[in-house]
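One chain, chain A, appears in both complexes that follow, with chain B as partner in the first and chain C in the second.
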Partner chain A sequence: MSADRVRRRRPSLLPYLLIGPTVLALVLVLGYPLVDMVLLAFQDMTREQLFSGAAPPWAGLDQFRRILGDGFFWTVVLRTVVFTAVCVALTVLCGLFTAQLMHRVSPWVRAVIAGVLVTVWAMPAMVAASIFRWLFDADYGAVNWTLSLLPGVDLAKHNWFTDPWQGFAVIVAVVVWGALPFAAITLRAALAQVPAELEESAVLDGARPFQVFRHVTLPVIRPVLLMVTTLMAIWDFGVFNQIWLMRGGQPEREYYLLGIYSFIESFAVNRYSTGAAIALVTVVLLLAGSVIYLRQMLRTGEIE
Partner chain B sequence: MTIRVRYRPLILTSLLALALAGCSSGSGGGSDAGGKLTVWLAVDAQETWPELVQSTNDRFAKAHPGVKVDVQYQQWTTKNQKLDAVLAGKNVPDVVEMGNSETTNYIVNGAFAPVDPARFDQSDAWLPALADACRKDGRTYCVPYYVGARVGIYRTDLFSRAGVAGAPKTYPELLAAFDKLKSTFGPADPNFSAFYLPGRYWYAAMAFVKDAGGEIAVRDGDRWKASLSSPKSVAGLTEWKRLIDAYYVGDRAKDNGDQPGVVGQGHVGVFYGNTWEADAAADPRSGGDPKLKDEFATFPFPGPSGKLLPPFLGGSTLAVPAKSARKDLAADWIKLFTDRESQKALIAANTLPNNTAQLAEVAAGGINGPSARAAATGGWMTPFAPGWTSVEKSNVLPEMLERIANGKASVQDAARDADRRIDEVINER
Partner chain C sequence: MRRRRSPALDLLGLVVAAVVGFPVYWMVLTAFRPANEILSLPPHFWPGRPTLANFSRALHTETFWANVRSSVLIGVGTVLVSLVVGALAAFALARFRFLGRRAFVVVILVVQMVPLTALIIPVYLLLNDVGMTDSIAGVVLTYLVFTLPFTVWMLRGFIAGVPVELEEAAMVDGCSRLGAFRRVVLPLLAPGIVATSVFALVQAWNEYVLVYVLLSTPTKQTVSIWLVSFQTGFGTDYGGLMAGATLTALPVVVFFLVVQRRIASGLAAGAVKG
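Entry: the complex of A and B
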């Protein structure tokens, strides 16, 4: 009888107990800072309040007026959007190519590719960025040395970061390199779902390889493709480590993306509230972007 | 058996509670230790004069038995971020070492407690570069600790091989020495710099601005205004750029962070730096070459104006955070750490003392003699403006210099941009 009672009561209590710590941790670790950051963006916090512990005065929308009225802020927004678009496009394209390759090669080559991808995946972004920085070092970098071996090329002492276009090319390379394994392996899994007989019959009907991909493969892998693209966009929009490390912790203004800009305003210039406002705008922009993708994703779901 | 089933959730709960308790006590603990004095020093003390710290602690223990001194060494690059974080809380260090370009912002924001200068040895002879960084509205908020002044450092062996008689005494002599080095070693070694002057090395570039009579920023009543695009500052920057073009080979976007290591590679004739960098260039731990051990000598660097190139008097001070619960003990420790005896130990460690009286005790013929002479001429300081740390931390000066050095912008344009950026933050607290 007592066992019966316990059985009835247990489902009502245990799940909450189990999820409790997670919820608590999320609220403490994510919720509290998030609320604090939103509040901070509407205040005017200076070091005087930081050191004395006094409550910072409310500033309403002043911080937002300040950043939205600043041309440099919009330059950084545009730069971040373009950077994200380039990174996402390259990652997804390269990922798709790698996945197609893995789909077609013999099992042991596939195993080698998968092994390499996993190794890349296991490399922390910090380590990868440092290694790329050494590779592209102006004085002792292996890249300059190797390229200089080509006839007619002299890149000795060439600093890749003097010209921000070249610098960003290197940074994009690091970001895409780091994100490729996830994209490739996920898309490879999606490609495995495409029925082989569908592709075969399309080929028999005279479809060219690109037509097969466009009309047979793509519709099947579209949901996964959308998911990968969305996740990549979220990650690349918030890129910080790679730039910070490759610029030696002192990024030039030409290298500011929204994350870096927010950090510099907060912790170099000590305008904590302005930094929070930039971070908030970043989140809002990201949400707006995600909503478009999510809607499209839901719509794709409905059609199927 | 039924009992076991019934109590399982309870056991789980208590386990979780235990785990949580374990987490929280692990991360938050150790706030209040009675009779403990926490001292934050920069790593220089640990690396170069650890005996001084030990002897100070011994003397302090005699005067205050039962008070434990906990010296924690901090890296310059991360110290202030950590300090900001702890100052926002309650558990603060009792003594903090602060660079003299960092103090003003903390003082105007009420981070430090005032101290009575009369309590400290030779406070009437404190070097202005340090004492001025500690003063605000007639009160003193920190205690001078030591100072450094940059000098010219040259390779004696290369000088004699190039036929240069000795350390140059005037600017024309200096340029002649550069020319001889360049024509002797340049043709055979495409990496040879007669004068190592990387573009982002702003302490060097600003010395030329000062020498030409220019300023980074000038005080106008209560406000500071950037002045890098003034004609005199531009003249200084132009001369600096000319030296890079004529005598520096290498990446112009670098700073002086790895200077001793680069000099240790052996492709540099003269560089501008602190005395200790001569030792570091021959020390494998900093990337130097031990074979160069006795090949370096220092000289006071002559400036284009005909006087000595005014050196940046970078130094350190010691402050007591306003939230410290043991301000009196903290001041006592600082008093011992900076008194005449302690300053003697600093001089012995090839560092310059905090006061003009003992500056004269630095052996003129020693490796630090030129540095003492340069410091005695006055030198210069970064502006004591509330927002100066923001200017430094947002890299305005290195970025301006890199653009000039790489020819991305003219001196005038780059300086005007930098002025605008400095004006945006220099008056902010």
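Entry: the complex of A and C
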């Protein structure tokens, strides 16, 4: 707190009046539902209470006992974590590669890449999923035909979604494709801040390209890299739309991630409390993972 | 530094652009294609005889215009409410030191980490209790969860970019604190407001799960639901689906281009004028 500002002006109610509406709105649409979700996880709410409006009976830790004791739940948790890790790693690697490339090509090529990235960035997730569904179509998809050109590969009539591993490969492709522009453009901005003289002198001193990256470039772009990684992790952990659309609104159990699982338990099976318990576990896992991001953002919020 | 530019790198760059851009190209190409060209092996990778048949089929689905209207209403409503409410909070964050400021910043940041899918159940139950499940106002209210924190955070940055001296000068000339904000800061914020509202608008336009759960009347549903229902309705009519996808993506692409220009014009230019 800057003492000089306080002396200049009397402390007033004004800032509180200004943030008042925001606080009110957040309490209403976020605080209340969050508290309700936690309560719900310790109750047993079904369709019956939804229609009668009666208070659902308390269930203590029953919901958690049920999901935590279920092997399938742990499979889904593991699957979500692996899915997130793969998506984040691929996005950041591809983003770094594209950013480095943009840094080195001629200006007109850079403009072409930037144009493509912005267009892809603008694609709604639902649109992206629709396009990839068509690209990977079993009968007339462009991907099956193109891959079949490779010697020894025959993918005619190959359905990518029969095997969940291959299905997830397609889903990872959509997610990474959609997130690449943000990663590449942000990292490119960070790379532009690396002093060219530093890189140059490192090269003169005999550093190999990887060493230059590791010891000169990386320290400068580290904060941005960290932010991009954490944001990606948060988004990918909650992926819903792409899977939902690619499986035509009825994902098989092999395609459940935590978001889908919680949704199905609530709205397909009508076990709202089980769904809430799964959602609660998701939020806790996410918060634990994103402490790093928070610290980073707080730092930027304080400096100005 | 004299950067060596090699044709090989340029070529690699173009290949990357082509690979990343291909899905969009394929979408537009398929959207303008007659059915017999779409379902053909080997696929045609170059434009043939373009047709508007897919678009007219997509536009003539029963609920299309109602869904566009609903999307626009929800988008505009969300943007207006979050701008008015968010600008005030952003002003407080950028210009005042007050007790609880740090806590407020933490809340704004943490909120952005809560996945929307986790909130669907309690939000649905809440709106169900007050009888707002099938209403556009209910959706707008719900969307504040993700647009408001974002708006506050973005605008805070833009306000912080306007020199305090401008405001102080206005106050010396007899403006009140809020008067100075309205007369001096607000006009300079135009690019920031445009950028923020476009991002919020795009998020509202793209959102799917919440509207899918909340809105049950077909005519109240949004374009993203239309896009999905379209798929099942037409089976594997990829021409129609790609036309629908192109129509859904078009406004967003336009918005992105608008924002880019607005941001390029910059805050500094405005401040000099002021």
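In this section, the second predicted complex is superposed on the first by the 266 of 304 C-alpha atoms of A that agree within 3 Å, B and C clash if a C-alpha of one lies under 4 Å from a C-alpha of the other, contacts with A are read in each partner's own complex, and residues count from 1 in each chain.
Quick note on the criterion: a residue touches a chain if its C-beta (ideal position, glycine included) is under 8 Å from a C-beta of that chain, and two chains touch if they have at least 3 such contacts.
Quick caveat, the model's predicted, so the values are computed rather than measured.
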Would you check which partner chain A:F267 touches, where first means chain B only, second means chain C only, and both and neither mean what they say? both
Under the stated touch criterion, name the partner, chain B or chain C, that contacts more residues in chain A. C
Go through the superposed model and pick first if A:V153 touches only chain B, second if only chain C, both, or neither. neither
Of the two partner chains, chain B (first) and chain C (second), which one does A:L14 touch, if any: first, second, both, or neither? both
Going by the contact rule set out at the top, does A:A128 touch chain B (first), chain C (second), both, or neither? second
Just chain B (first), just chain C (second), both, or neither: which does A:V116 touch? second
Given the touch rule stated above, what does A:L93 touch, chain B (first), chain C (second), both, or neither? neither
If we overlay the two complexes on their shared chain A, which of chain B and chain C does A:A192 touch? Say first, second, both or neither. neither
After superposition on the shared chain, which partner residues are touched by A:V82: those of chain B (first), chain C (second), both, or neither? neither
With both complexes overlaid on chain A, does A:L50 touch chain B (first), chain C (second), both or neither? both
Based on the A-chain superposition described above, do chain B and chain C contact any of the same residues on chain A, and if so which? 2, 6, 14, 21, 50, 53, 139, 249, 267
How about chain C: which of its residues touch chain A in the complex? 1, 3, 5, 9-10, 12-14, 16-17, 20-21, 23-24, 26-27, 30, 38-43, 45, 85-86, 88-89, 91-93, 96-98, 101-102, 104-107, 109-111, 113-123, 125-126, 128-129, 141-142, 144-145, 148-149, 152, 160, 177-178, 202, 205-206, 208-209, 213, 224, 227-228, 231-232, 236, 238, 241-242, 244-245, 248-249, 252-253, 255-257, 260
Touch list for chain A against partner chain C, complex: 1-2, 5-6, 11, 14-16, 18-19, 21-23, 25-26, 28-30, 32-34, 36-37, 40, 45, 50, 53, 98, 101-102, 104-106, 109-110, 112-113, 116-128, 130-132, 134-135, 137, 139-140, 142, 145, 177, 180, 196-197, 199-200, 234, 237-238, 240-241, 244-245, 248-249, 259, 262-263, 266-267, 272, 275-276, 279-280, 282-283, 286-287, 290, 293-294, 297-298, 301, 304
Quick one: in the complex, what on chain A touches chain B? 2-3, 6, 10, 13-14, 17, 20-21, 46-48, 50-53, 138-139, 157, 159, 161-162, 249-250, 252-253, 264, 267-271
Which positions of chain B touch chain A when the two form their complex? 2, 5-6, 9, 12-13, 16, 20, 77, 81, 84, 87-88, 105-106, 109-111, 250-254, 322-323, 387, 389-390, 393-395, 398-399, 402, 406, 408, 425, 428-429
